[in-house]
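Down below is the structure, laid out as structure tokens.
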């Protein structure tokens, strides 16, 4: 883990209220897996005391670059959206353990993303697709919120669902799973808690991994802000340190 | 410059320590720098039994501050002694244990157990945690209860006993005087102020516990006022805290009457902050013409 | 959207008013916009005799806030009635007069005199000013004294009586209940928190009065908590304040349980703020799916 | 009075810790006299609740520009020093009444400035010098803190004093007045309180005007932060509204 200044290489709107930012710097060299995240300092001085966590959507060790996709929510993401090429961002990371991809071979894998839960799945799909057959179901609010459809299509059979039916399937990602009626060997999901809970229930017989969000303080396991009840000895996990990815049987959503 | 300070019989190599609850049990921050750099380490609150704490969300950001309602989550005093303290033992940095509970008996039991550990050099009696429904806070707002509790704990410990005061009171001096009379060896101040943030969409408190403790630079003027006020009335050592982010802030607390300082929230924005403060303090002291920390003694007394 | 709100029998065209002490007697801000735009105007505290107030410096900046120790400087109630109120008379905006004093007699006399003015629509009893050595603050921290004072003032006025509460207390609900029992028609909350800033060069408090009142966004979470807490226990109208800068902040106070809001410190950063809030509020309400302010009633009660 | 965004035309170091910033915008059109000041918003959002007052050192109605000279003191001036050409500053002004210059003719005028009290005197000297004989005594900490010596010299007999004697006279501006032994018809002074008090005493028989500094809240006369005891009916003046320039007989320093 590392704290450093990363340089903004680009920062652009890619869907409604959704930005893609590319950052360059040595923190990238420490990334070991898809699904890890970075903790970004926001604002000047000590006006914003909490960093903001964002999943690493993609990374390129050689180019020393990583990509984040973020949605405008409040002060922090608003501030981020004004950063221009050439400016520096103070980043703590990579944090968390990310998705286990080592040794997964010849499987039919389902990847399920909802909204800003889609980004961490992109590099995951890239990696898994080299030795597996990957199907991706990506859910968005509506047509203008969709991003990265083409990019996913290059590595996975990609299905899009929108809440309002303005594009692709109308409804939730779980509806799409139902309609497919296929049995997968393994799944990976990231998205709002409600979606993760529904997926966890729906695919109860399948080995799965869930990437979870929670409001964070330290981001490094010291403050107990980000706990989630779990079926383990301690009765909880810390999302920042033990996660953000957990086996679907471990966490109680 | 010699930065060492004395808190009663406890000598610290410098006046900088992380505040309880913001540094876990030290392990995580040891990735960032050598914990031997610190004046002391205050570990997360210990209770009699393991506690899961409050539901999430537990933190929110506020202007120049944050709210937290962790709810004293911790593995319980026995496991802390067994699993957490061994990691800290080899460091040459005194460890201060934060003692919490929901009843007098629990506080006393936790204090007694922690006092047996040679790794622990002092106790910080947390009579002021605003995020626990039962107990906790009342001990910090009623001088009589604060007196009683301090006395009982003092009876079972041979460690230095710091009492951590709540700022959510009309008259902090009366609490400080009460715990001094009960035998406290020092004061820690301030804990967080009770606050709330509402989520405009759900129209409900953003933090699941509804209220949370306000910390960070926003509360610094209140901390400085209270330390200054208490310093007029006691010569007990004071560990000052509340919004410290810079070496200038450290100096302000020392002038106000603190003997050492603890840094909480700032660790989240900058995990290297405590070490950076240790490094920067001499420079800032010199900039203000201060050649030894002793010069600041009594600056506050008006 | 209809923004009008009722504070007892007083109807305001919108819930936005400048807070006492931050808007003088209105004249200066009338250069910036038409005072008829405001829901109400709360004028600077009046005392029995002219007061010069505290020595300078009287203000300091703090993280997301400021300290002030003006010391209730004002030309005295007679001159206010003679020289200041006539300017405000022609506006269709209710004027609320802030009543201060160092003794019960002084409060009563000021209230009696102001009550004779037809320009004044309500009184705000300032039992919470932390910047005056004699009197002032004690009335706001002891329920019995608050009760007595409120009752005495209520006896001499036919105006609506709002009591302005101090946040520097252990239990704000007990003060709120006391003044309600004494006949208060409403509450104003919160006044400033007592704070201090030190000047590192002189090693002395930066504000000549030593302590000052902390205001601005830094204290908003405390204000929201206290209003929410008091709202559970009373149905009196509440004028909420403490750090309001945006229309979202206004909404947060209304959800917490305030019926109207006052804006203090933000007038210094942006002299147009009150008018801008009136203009922006409908948009922000709609953004959160609120079609009438009545929908927010009871949102706070848990 | 007006609030508006002024564009930074230049912002440069002109002496040790001392910057000159040139701003352009319509606020300039309202300036009526030298000695008025502007109140500048600092930082992003509501992290810095108080504006910062700075004297207008010079202004040019045609070019729509004004100049401020500021010294690095704390957060606000530090933030100002990072503003680049093309950025906007939110400015409230012009505030205060400034120096009375109308109808002053054929007099020998003394102008006394100390440190960052020098700036407001520059445009004053420019204006007074057209119909009067002006002598300026400017005091600085030391040689490297000196600015605008040449500029003043174009309009006034200019004498420099430094506290440490590293340039010009060694000592205070009052020492220079003593050494001159000249009788002036009128004087204008701006600088630290100590200096103003000394000048007020030293030139007790001369009509003088003092420009005073005090910590401000509103800057417009509403908050009573900036009062100064005075010999008038009310017993005080508000520096922001009644000043910042006062007759030397009016204020009690």
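In order of appearance the chains are A, B, C and D, and numbering begins at 1 in each one.
Quick note on the criterion: contacts are C-beta pairs under 8 Å (C-beta built on N, C-alpha and C of every residue); 3 or more make two chains touch, one makes a residue touch a chain.
If you're wondering where the values come from, they're calculated on a predicted model, not measured in any experiment.
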{"item": "Shortest chain-hopping distance from subunit A out to subunit C", "value": "1"}
{"item": "Set of chains whose contacts include both subunit D and subunit C", "value": "A, B"}
{"item": "For subunit A paired with subunit B, centre-to-centre distance based on mean C-alpha positions, whole Å", "value": "36"}
{"item": "Chain centre separation (subunit A, subunit D; CA means) in Å", "value": "56"}
{"item": "Distance from subunit C to subunit B - Cα centre to Cα centre, in angstrom", "value": "34"}
{"item": "CA centroid of subunit B to CA centroid of subunit D, Å", "value": "46"}
{"item": "Set of subunit C residues in contact with two or more other chains", "value": "63-65, 216-217"}
{"item": "Residue list for subunit A, restricted to those that touch at least two other chains", "value": "46-47, 75"}
{"item": "Chain contact graph, described as a line, ring, star, complete graph or other shape", "value": "complete"}
{"item": "Residue ranges of subunit A touching subunit C (in the complex, touch as defined)", "value": "46-47"}
{"item": "Residue ranges of subunit C touching subunit D (in the complex, touch as defined)", "value": "21-24, 28-29, 31-32, 44, 50, 52-53, 56-61, 63-66, 68, 70, 73-75, 216-217, 245, 265-272"}
{"item": "Complex contact set, residues of subunit C against subunit B", "value": "62-65, 67, 141, 168-170, 193-198, 200-201, 203-205, 210-212, 214, 216-222, 224-225, 228, 243, 248, 251-252, 255-256, 288, 296, 299, 302"}
{"item": "Parts of subunit A lying in touch with subunit D, wherever the complex brings them together", "value": "43-45, 47, 75"}
{"item": "Contact footprint of subunit A on subunit C as seen in their complex", "value": "63-64"}
